[in-house]
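In this document, chain identifiers A, B and C correspond to the written order of the chains, with residue numbering beginning at 1 in each.
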């Protein structure tokens, strides 16, 4: 087959016009036969056939450029059938077992017997299913609540550059006081309750710790102290919210926390119980926990941790004595506040816990 | 049973049960029974209620609207959906507007059936997907046949609504079987006008597509599952417009990524309208913008190898979802 | 009339005309064959039985005239442009296709020939082209339509404008008594002549399988359109000897027999058996070679 391209006919034009073919598509032509009329800006020229054979016209008329393939001469031999993507037929019915391609690769790689694959009881066997067969250890899917917790902590780690500070508070006197308070208020008031209230009361002084990071160096301040408190009674970790804890009295806060503990036992939190916190207090009251680093919730600036009460022997004016202490930790978004603010904030909270008389005022 | 036969039986039942139903179209009478044989046996059985018409697409849609206005119910078959353009005036300016433009409700129980789409080599004037031109016309519903939906119920629903409708029927779909139950990999469920095609495990991807795409959408779903291990739920609405997504709100609420596929070219399309609607509902819950899959910006060429390039193929859907 | 010598009913035919009619016939038969073999995508409408009309028409047209064709257009094309390879390449999507395989059988634009698959659509377009011819010379627009296409409103809008504005438009009606499956009596009220009269448009009708008779009846009309710059409608009564497209003929045996009897081919083989046989051999071989040649080509390209 000979290609028939338009030669360069002059120096001025970069395109010509194909006026007409003097032979028709499919005609047998001889070398030297006039074949086509090409018009340049100056003349119309007849071009001759470069070979003998059947003419196959590619460009029938119109614009064409020097070098462009406008025809072929001589029959081509390759028979090409149009390739059209086939759409598999639509069916309904049942299948036995289907193995995905990645799963198949794993099966072959590990030489896993097909009856073991079948025994999985899956209609569609995926790579993850086969992977379980390649490793004798059991694979467990975590419960939904834990998967949600996972999402939250990952997001926190990815998005919040947190720093951490801790203080020690001497709660010897407070421990005694809480008994009286509880009796008086007819509900349990312990260190946890006091801490929630003490934290909430700092908002006027330390508004940034209750804020929310917006990006571009801006934060949105809170309109109330809504303190999320971790409760885990073995049914998953929940963080119900004590709303407006700064403007409500201590006993109201304590009662709400008690309600939340009961709800946690029943496992029936409502969406609104868990929404809208702007700071969190995490409780680590299991004996022996000395201190804990909390996770800053996405959307918060600060989270506090309360560890378990420790007995310490201290030297006082009248010799050695046993004191009760707790470590209060503060994790904070370092984009919003610095170590100094954290220390001042913790100091204020510590004072409230150490000087129980304030609660009676 | 094939979709063509199902449509044929549905029309038989409809005309049998309701003597006010009339059917008009070019070459619909026996023994020919329509270019796609959907009306076979109807004229033999129902005589003058079935009329083979002159080549007058605008005219016969007007006649259908007239019958409907006067208290009958009319089905008009346009031989190729492309020629709906010849009836555009009757549909948009008369049938649709009449339901409200006289200041009170006027029922126009009219169904205009439109065999549609490419992949059969009929060439540019016989292969187009015109759905988008009928989206958002006040007083006009847009339906599309699927292998999951009972056509008889859809026809009944349209007539009962008193709102005229265009009813698209993919020409390749005619040759496919009606589907129910499942295909082993997916279960098929029909609820309130939607078909829900689901994999055995939870999916984060949801694909919405009109019924004409079913073969290609299901093929894509299979490949995604078996080659890429991506499970995707397919939603097929029978009524494309107005679109009511409440019956599938739960499926959409669980979606992380939503894709819309359609035949026809991009630009002012059903798919774009669905994306607009869903972005409003799902914004913030999705992890990516809604993907839109449509045919390249081209007429539908005749030659098979060129036509395949200009129509939506399973691989196009798979690629878009796999991104 | 036992023993009587059968009289010829046809006038002697030129070799060129008969060859072309046979060439078109074999082109169409080849298409039906390819279709059966699954080597043709989509659809095709052959003009079996009607080949003599475009052959009669084309000889009266000048190169500058425009021809508008329809779905049944292979004969219209081949009578005007003797390029069966290029047309076949178009229909089969091969290199050398008239329109790169995009248009296929019913959508062709080649030089001054244009077809579309939407019935009646081209008539108003032909009026526009005719109006330009009227301003610029003696060219005319010739549009082929079937009898069934007279259901479309655009036909009447075109006739009205053509007559109002004096457009040199020749409408050639191939009245084959049927539209797809519907007999003309079931889709056309009154007559085409009567409809033309309504617009004051000149109309001629001829009923003959004889290419010379058809051309003879048409010639004065073409003259009139060209000279007077007025529209005219020429109605050729013909028989559709084949299916509408492929395998979709629901006519009764009697109707099919009538169509076969009316086929020009039947008349010519009867009146000029030797001439037909000799030329037919050549044309069949030519078309067979063309099919072989075209199907061996690479697929058409389109960007």
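We take it that a contact is a pair of C-beta atoms (placed from the backbone, for glycine too) under 8 Å apart; a residue touches a chain by one contact, two chains touch by 3 or more.
Bear in mind that the values here come from a model prediction, so they are computed numbers and not experimental data.
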Central chain of the complex, centres being mean CA coordinates: B
A-C versus A-B: which interface comes out with more C-beta contact pairs? A-B
Subunit A to subunit B: how many Å between their CA centres? 37
Approximately how many whole Å separate the CA-defined centres of subunit A and subunit C? 67
Would you give the residues of subunit A that are in contact with at least 2 other chains, written as numbers and ranges? 82
Any chance you could list the residues of subunit B touching two or more other chains? 303-305, 307
For subunit C, jot down the residues that touch at least 2 other chains. 41, 93, 299
Given the complex with subunit C, which residues does subunit A contribute to the contact? 24-27, 54, 56-58, 60-61, 72, 75-80, 82
Tell me, which parts of subunit A touch subunit B in their complex? 82-85, 87-95, 98, 100-103, 122-124, 126-127
Residue set of subunit C touching subunit B in the complex reads 41-43, 92-93, 97, 100-107, 116-120, 148-153, 179-182, 186-188, 248, 250, 299-300, 302
What residues on subunit B touch subunit C, complex-wise? 26-27, 29, 31-32, 35, 52-59, 82-83, 86, 120-126, 299, 301-307
Touching subunit A in the complex: which residues of subunit B? 147, 176-177, 179-185, 188, 199-201, 214-216, 218-219, 222, 225-227, 229, 303-305, 307-308, 313-315
